[in-house]
Structures are given as structure tokens and as C-alpha cells.
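Here subunit A shows up in two complexes: once beside subunit B, once beside subunit C.
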Partner chain A sequence: MNPAIPGPPTTQPQGLPAAYADIELGNNAQRLPLLLCLDISSSMAGEPIRLLNEALTLWGREIQEDVGLSSSVEIAVVTFGGAGIGVWQGPSLLDPRTTASPFVTAHQFRPPQLTASGVTLLTEAVETGIRLVAARKTELRRSGLQYYRPQICLVTDGLPTDSQGMATDAWRRLVPVLAAEQGAKRFRFYAFGIGGISERGQQVLRELAPKYHATLKGFPFRDLLQTMSASASAEQQGAEEETFEQLFNRFKTQRSAWDS
Partner chain B sequence: MTGRRVLLDGRPVVLLEQALGSGLEAAVHPVEGTDDLVVKVYHQPDAAREHRLRRMLALNPLAGRPVDGGQPPELAWPVGLAYGTDGGFLGYGMGRFAGPEHVQLMALFNREQRLRRFPAEADWRFLLGICWNLAFMTARLHHEGLIIGDFSAKNVVVDQRGFATFLDCDSIGFAAPGTGETFPATLHTPDYAAPERLRGEPGSVPSDDFALAVLVYQLLTAGYHPFGGVPRDSEDDVQISDNITASRSFVVRPEAMIIPRGLVDPAVLPPAVLALARQAFGSGLLDTAQRPSSQQWLAALEESRAEGAITICPRRPRHAHGAHLARCPWCDRADETGHDAFNAPEQTPQPPPTGSPPVPEPLSPGPVIHGVTPPLPAHPPGQQAAPSDGNDPWSDWIKPLLIGAGVVLFFLLRFHWGV
Partner chain C sequence: MARATETGPVEGRAWRVHGMSVQGYRHAQQGMPCQDAWGTTHTGPPRSRITVLAVADGAGSRPRSQEGAQLAIQLATSVYGARLAEWDRAPRNAEDLRGQLQDAFLEVLDAFLADTRALSGDRSGSSAGRDGPADFATTLTVVVLGTGWLGCTSLGDGFVVLRAGEEDGEPQFHLLPQPESAGEYGNETTFLSSADAALRVGIACVRDDGVDGVVVSTDGLAQAALSGGQGPVLSVNRSFAASVLRSLDRPGPDPRSDARELRALLLSDRLTALNADDKTLVRAVRTTDGPGFGGELP
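Coming up: the complex of A and B.
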């Protein structure tokens, strides 16, 4: 080997902090962190949560088949419901004290089995998501790896609540944060209202994601996840903003008869 | 499920609803009842595209060259225009080059994908052969006056023998014979765009040569992009295209940045290839006159594939390297980092980081033999067919070389495939 070229060999791998050991050495694809922020509160119980689990499994397989995405997209799941906020690394719920990253490359992704119960800590879940994405970017950067603009995808069928299940306006503190972070191109934030989300619930999503919000009839999780894949592909191709808007516009074809 | 009826070159065909792929500009649909034809349907078909495609149909690039031995064509060239039953222009038909037989080049950049989608014996020698094929394809297209334009790891597929095919031909730049019209190549993929393209210039011969240089570098160094890495002084998000614009390549100036972890030493490149890489990512980055041409790449790659230029490592399967190295770089890297760029990890999972649950091991595509294994039979990838046109001045120098290589290849393949 040419000694003039400072290669990685002797020091680098050992020099990596333990927390970065999960950045696959054999995978040099530019990463695209994708964080799913999923509502698993009690209103999702029964058929909806079953559909969500099924869609995550199918989508996980689909994305592995996509040569362009399987090595690039890194998936993390944050849930809100049950006892609070859950952070998942693939199928495993992470210990809140861990320093391990929840992001798993798509080709290694195995979906969690989610159950529905509890309250809708939407605000805290989104904040957790923002924090995890920022931490992941730092890890990647320290490893000398590039990344595309991350995507955070919020899916909910209800109104944000506090830990007692009471509706709260705490989500308003997210609005300026999301606007500033996206203005700085730190990530894209998508918000989907599903099931029988109320008009007030939709209003929350509209304010959180002025451009990228959509209300879907029923629980078309697969469609929604495929949109995330399409958005990831668009990001890799260096698409312009309008492409991402177009991706969302198809969800907006059904409108209230009262809308102009 | 009935699909959409369209007229392809005047002939009624039915498109299957499930697209093979969908991009920013179009979706590619299979055609009912045939395995070798697809139709690319634009999201927004317009008259300009229709006109461009009409002019393309009048061209028949590479028509005269042989594709013996089942070699796929080098271009998924349009075979006919597609119209709706209402007469509206929709897109065009082309040959089908889909998986699992044809795989996007980027799958060769990492071990898991390579093991999963390519023959078990795909090693560095196979990758070197693919580089040769890419250089050949580029040189051949340039000779025909075509500009690839959107040359990327996504837009090229290779088959199981390493033959390369360029997919999105509608973005190729060309001049229509007779009419004097020129159709510039305007699309590009930022990671493969030369600095001048990132400034907005259309595709050119040197910009194709830049993309070729990047692809060759990635293929031969386990997928590391020569403009990967993050500048030391930056806390912002830095894209590969930012590094290209700022002339930041670790191949030339490794001290300027945080190099990607586990970086493969550029010296795994055979000396002639390394010299071209340094030139392409150094002085030739901004000065296109200094940028190595596809023919220079072809010559350097030919030299690197010559008899005696490749050493097969006796210690681990799938380890091949240039004979310029006294030791196997892949073994050294595996010993130092615990990561073997060509062989799946042992089935004993690594202990997870403290406090974290175990990450499931990716499914192994099959049993892996560890330890000392005899080298696999010689298995060079297929070689793109040589031009057959006798009046072709370009072929003069390459012809004897190709005939020689072809004869050797014929016997090797006969032996290998047991024909």
C-alpha cells in the first residue's frame, strides 16, 4: 500500500466511538434517515393497528427490493401511545437510557409489532424525532458519511393530548421549531391524518406541516409508506421542491364539497 | 386486472398496471404478453419530447455492432412511440432490462447487495471487467457522437455476466443527421455531475468522462465515492455535489476532510488507473482539457486486466487484487477492521453496543466457506462486443486487442459454463 495516502487502516475503526459501530462498514451509500412518528394510542386499537403492522412488514420487504433505497434509507420508528414515547430500533424497543441509535439501514429493517393503547403524546414524540434525526446526522458526519435531507413522517388519527389524555395546546410550540428547522433544510416534515381524524386534528396537522399535510380516508398505511419511498427516491435524484409537493397533491384530490 | 391500451408504433398493446419503476419524469410499465418490451409513460408528455424521440428513432446507434453470445444491447434505445387510444402522445417503447437478470450498478457498491444479486463468484476481477465495459460503452457512444448526459449508478444496469446497458436513452444528447438540429443532454444526477454541469452546462464528452471516472473509482474501492467525506470545518449538511464544486476529494487531498470511516486505500487501484483517478479528481476536475478520456480509461483498465496483472488471494474466497500489491488488501482490511468487503460475516453475531438490543443479522444468501479455499475458476465478466465496422478509424487500435481478449474469453467461458 502507498504509505503516502493516509488510509483508514490502523486507527480509524478502533477509534470510532462504540455508538457508531452500527454504521455498517460495508455500506458506503449516502444515507437518508427516515423517521416514522406513529400514533399507537388507544383509538388505533383493533383493525387500524393490525393494518399498520401489516403495512410496515410489506413496505419493509418492498424497500429492500429497491436497489436505490435499500442501502441508503435508514429507518427509525418513534411511537406515541401506551405508556408514552417508544423509540424502536427495528423490532426492538430501545431502553430510554441507551445511547444506541434507532436508525437501521432499510436492508436490515425488521418491523416492530405494535399494539395500541394509551394517550396521544404527539408533541413529545415529534420532539424526540427531531432530536434523534439531529443526533443521527452528527453520527454520520463524524463517520465522514454524507446524507440526504432526512424525512420525518408523522401519522396520527387524533388530537395531541398530555400524559393524562387531556387535549392540549402544547403542540403549538412545535410550529416555530418545525418552520425554522425546515427553513434551514435540516429535514422534511410530513404529516398524515388518518382514520376518522377530526377537523380539529386536521387543523393541527395543517399548522405543523403547512405544505406537506394530508388527510387520508381509512388506514392506507401502505400507500403512505410508499409515498415516503417515492419521496426518498426524489431526494436522491436531487428533485426540486415542487416534485415533493406533487407527491402530496395526489392525496389532496378529494376535498370537502364546501371547499372552493 | 386490465391495463391501459396504447398504440406502440401503431400496434395495439396493453400495459400492465403495476409499473416496474417510477421516477420524477415517467413510469415504466411492462407490456402484457411479452417479457422483452416495456413502455415508458411520461407524467407530462409534451410535443418537445415527442419530436426528440422521433429524431432518435431515425438514428440507430451501435446498430452495426455484434451482440453475439446473448450480450444485451448497450442502449435501451427507443423502438417506437406510444400513443393513447385518443391519439395523444404518451411515451416510448424500449427493450426490457429489469431484475433479477439486470441490476442497477449501485448494487455492486456494497457487499450485501453484491452477494444477494450477483453470481457467488463476483469478485474484484468481475468489478474490473465491468469498469472496462463501462469505459468501452462510453468511448463507443462518444465515437457515435452521442452524449450520455445522465450517467449514474442508477441509470446503468449490468447483467450477471457484467455486460452494461444504459437505460434512460431519451435524455441522451445527439445531433439529428440531415436537419442540423441538436438535442442537448440536460438531465444529470448531482453525485455524478462534473463541476461545469453543476453550474448549469449541458452534458458533454468531458462530463461523461467525469461520471465514468467516479463510477470506476466506486466499483474498484468497495463503493467509496471519491467526493465522499465531510469537510473538517463544517457543521452543515454537505452533499457530494458540494464537495465536487469545492474540489474536495480525498483521493487528491485527504488531509482536508473527515474521510469516510473504513475508507479503502486508493492504492488498491492499479497504478495506471490510480494515476487517471488523481488526474480526473485533481487537475482535470476544473480543467476539462486535462480530464482523462474514456479511451484513456479503457487503455488503463485493459492493462490492469492483462495476463499476470491480477492476483487471486489463496486465503479467502472472492479476494482478487492487482498484482502491483504484494499483499491482499482485502485480507489486510478484514484483519484490521473485521470487515471483509467480499465475504459475508461469520454467523456469530457481534455483541451489540451496551444498552442496545441486538440488531438482527441480515439474511445470508447462502453458506459461506471460510478459511483456505482454492481459488475459483477464472471468471472474467463478459466483455462488451467490439465494433465491427471496418471503416471505423476508432477501431483500428482497439481491434487487435479485442480479438485477442475475445479468443481468451471464448475459451474461458467455454470452460466455465461447460459449453
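Coming up: the complex of A and C.
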């Protein structure tokens, strides 16, 4: 189980009716791991990172208030930029040597305060995300907790680079991995290009996420995160693939409207 | 807002039965109906009455699953009821009962597929763009309660808890074996419309004079009624089972108040936080004081 994350108390659900007040309930909710894989490289400095931090805070509150999601969705954040790959358990950056899971249930989630700098180690970040999701599923199985198909959401405004900041084709090794993992329904993978992502950057996302990629003008992080909540709700209901496509196509429609 | 969609009492000769389906939070948010259903019937000769309990959970992703769940319940209560009414004796052994239950399930399955094919054709005039029985996808769990024995057929992720025996003065609760999960994820299950439904149905037979309480539910209550999080093997959350059966063992003076309390439990934020799906609870307790003991539930 995850350790409790320090933070202000959350609103507890209302109690049980008097006749059933002696029922003891733990949090056995069926879990839905949601991993946010966020670009915080130097190109995100200034307004973009401020908007991202603000959106994470607002979304964190919204998801806590959704009684259907707050005990079910588990959130982890992986960042790429700064000193490399960062794995966050709520607001805390985890020591790379730790074996603790970064996933915290939504009602415990407090967002990290992110700062932008460094290079775009997108490939390594996605690989880290895939590994963390697989590990979390193993933990959940061992705990006897059921779970829904996890979601990984990649958000970037740039091209993948190596640790020296040079553009690299290393991301190509992700393509067959992501295809196989999604073919086996191990998770859903969404890729969003934001800000001024280049055509080449968009092409990377198209290849990584052939069905679920989108390029958004500006930095509509809140809308993007709300879509992750909507996708989580759809997953809980066992929605068909076309429901997820409709959710995602909304972004493409918006983009067309803006473009026009 | 969520609301109760069906509630009702049935007082059998030996079993007091009460059931309720409520619309889940997610369906209430989206203006979708409750896609769960339940039903019960009593059959057999007066001295050896048999009670049938059934719950069904329509697939949230399918357009006519509410109809599917209701059809499954209608078929289950009528088919199991009619077949068991012909019994003039208790089952000879578990194999005897298993065979009877399997035949009853297959009859329900065949009727469900035939009826949903017909309904699909009636409505569309053509099967183009329609998936026939799959549009009506639903799980189905049926329990038959005899004197000193019970049987269960379960397709999908419904579950059954029995109360039988005591240890240190405390009633003991037992989860009937569930069919193997249809996939890795909790929302993957087998429906009557699934190609392998006939192969995946789970059948359980119990001979025990001590069974005096039964809870049958769809998966919307699994996280509340079953204890996960302690290890890979599910067990019964005894506080839940004890509480919902106790209120039927000893009904209050106002049956409507009792029903309101149960509805409030099923719609509570605490249970919704564990599972936002529709919820169905059918409970039965063995009565010793005859019909009317403690009043009837509405």
C-alpha cells in the first residue's frame, strides 16, 4: 500500500445510515492508475510552467471532489527536464533509489511545484512511466485489489533529446514497445503536443501514439487534464473504444476551430 | 440524482427475501438509467418450497443493456421456477443438482439469445449497424434455495455470500466460488451474449442445514461486501454481510423506513467512493416464526 501523503485533510465522504453505521469499509475501490509524463524542459520556462502548475492544482481539487474518482484514480507524475527524469509522489520528488510507488489515490493527491529547465529526455521518461505502471499493477494484484486499464498521458512541447540536449532518434525504440503494450491492453497511451511544438515534434507523437495524439495550441493544461478524468470515468464504465476516440477527437475539433 | 429503481418484498414460507437496485453515481451524472435488475420467485410443493433469487448487471457500454438485464431476470425466474416446480424431491447429490442447474441456465441462455435477436430485428428492421444480443449484454447470477441445500449459477462478476454456522458465538460468512475472471481488468467480464457464456458459467452446490442467510449482488457492491487489499484471495467483509442480514432478521416497526435506510446505504458517498456503478442487493434470511414475523418490507 502507498504511504500516506502529508497534506491538509480532505473532505471525507458522508457517513453511513444509522442502521448500518457498524459497517467497516477500507478503501478497496477498484484502482485506475493514471501516470502523467510531463515535459518541464527549459522551453517550458515562464508562462507555460506557471500554467501547468496552476492546472495541476485546480485539477487535483476537481478530481478529489468527484466521489466516483477520488478513491479510485491513482496519480503519479514523471517529469523530464531539469536534472533528468523526476518521479513524483504527490508533491515529493522521490529518491531515484527508492522502491516506493509514486502512485497516490486522487483524494490524497497534492501536485508538485514544477520548475522548468534542462533537456527533453522524453524517451527515458516514457520508459520510466511504462515501468512504474507495470510495477503498480503487480502491487495491486498482490494486494488483491482490482484495477482498470491504466492511462499514461505524455505532454511535451519539444523534440526528444539526449542528456546533452541534442536531438536524438532514440525515441524510435519506443514505437514497437508502445504498440505491443497497447496491443496487449496493458495501458492506454495519450500524447499531447503543446505550445509551439514543431512539425518534427508532432511527427514523433504521431508515431508514438498513432490513434491518440493531438497538437494543441497554447497550453490548455486544464482541459487536457479534465479529459484524463473523463477518460478515467469512461474506463470505469467499460466504455467501448469509440468513446475514447470521441473524447480525444474533441481536441482535434477544437484545433480546427482555432485554426480556422 | 441517484434513486432506487426497484424494490420489493417477498415473504416465502421459509425465506424472507428483500431486494433493491439503485442507479449508480456515474449513471446519475450522465442521465443514464440503472442497468441492474433483480427478481425472485417461490416454487415447489408447500412442504418443500424452493426460492429463486436472481441479479443481473447490464453492460454499461451497450445501448440496450437495461432491457437485457430485465429480460435475463424475467427468464431466470420463470425458467428456474418452472423447472424446480417439477421437482418432487430434494436433489440426490451435488451432481444431480449441478445437472439441473446447468440445464436451467442453458435454457435461459438460449431464450435470451433468441429473444434479443428478435428484439434487434423488430426495432431496426435490419441488423445493419447493430450487434444483436451483444447490445443487450448482461451478467446473470441465480441462486436457488431449498431445504437444507442450495445451488447457484453465476455468469459474470456477480457474487453470493452465505451465512452459515457460528464460531465463538459469531455467525460465519462464506463467499461462494466465483467464475474465473474474464480478463486482467476489473471491468472485463462475461455476459449472456458472450460467445463462451455456456462454458464460463460457474455452478456451485451446497448441502448445509445451517445456511440461514444469503446475500446476492452485482459487482457494484463487491468492494464493500468483500475484503480486498489484504492479499490476492477475496474474503467476505463480515461487518457488511452481518449488517445487511441483521436488518432483515429483525426488521423495524416501519418497513418503509427500513427500505429507506437500505437505499441510503446503497446510495451513500462511502459506497459510491468504492464503486460508482449501479448497485443491487438481494438478501434472504431463513424465517422460523412464519410469515409476518417482524413485519414486511415494502
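To be clear about the criterion, the second predicted complex is superposed on the first by the 228 of 260 C-alpha atoms of A that agree within 3 Å, B and C clash if a C-alpha of one lies under 4 Å from a C-alpha of the other, contacts with A are read in each partner's own complex, and residues count from 1 in each chain.
Convention: a contact is a pair of C-beta atoms (placed from the backbone, for glycine too) under 8 Å apart; a residue touches a chain by one contact, two chains touch by 3 or more.
Quick caveat, the model's predicted, so the values are computed rather than measured.
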Classify the contacts of A:Glu235 with the two partner chains as first (subunit B alone), second (subunit C alone), both, or neither.
-> second
Which partner does A:Gly68 contact after superposing on A: first (subunit B), second (subunit C), both, neither?
-> both
Comparing subunit C with subunit B, which touches more residues belonging to subunit A?
-> B
Considering only touches as defined above, state whether A:Arg97 meets subunit B (first), subunit C (second), both or neither.
-> first
Counting only touches as set out at the top, which of subunit B and subunit C does A:Leu145 meet: first, second, both, neither?
-> both
So, does A:Gln108 touch the first partner subunit B, the second partner subunit C, both, or neither?
-> first
Just which bits of subunit A does subunit B share with subunit C as contact spots?
-> 1, 13, 16, 18-20, 22-23, 25-30, 67-68, 70-71, 141-149, 185, 233, 236-239, 243
Interface residues, subunit A side, partner subunit B - complex | 1-2, 5-10, 12-13, 16, 18-23, 25-30, 67-68, 70-71, 89-95, 97-100, 104, 107-108, 110, 137, 141-149, 185-186, 230, 233-234, 236-239, 243
Residue numbers on subunit B that touch subunit A, as the complex places them = 22-24, 99, 103-104, 106-107, 109-113, 117, 154, 189-191, 218, 222-225, 228-230, 237-241, 254-255, 257-267, 325, 327, 329, 332-333, 336-339, 341, 350, 352-360, 362
Contacting residues of subunit C [partner subunit A, same complex] | 25-26, 29, 59-61, 184-188, 222-224, 226-234, 237, 239-240, 243-244, 247, 252, 258, 261-262, 264-265, 268-277
Residue set of subunit A touching subunit C in the complex reads 1, 13-20, 22-30, 67-72, 141-149, 185, 233, 235-240, 243
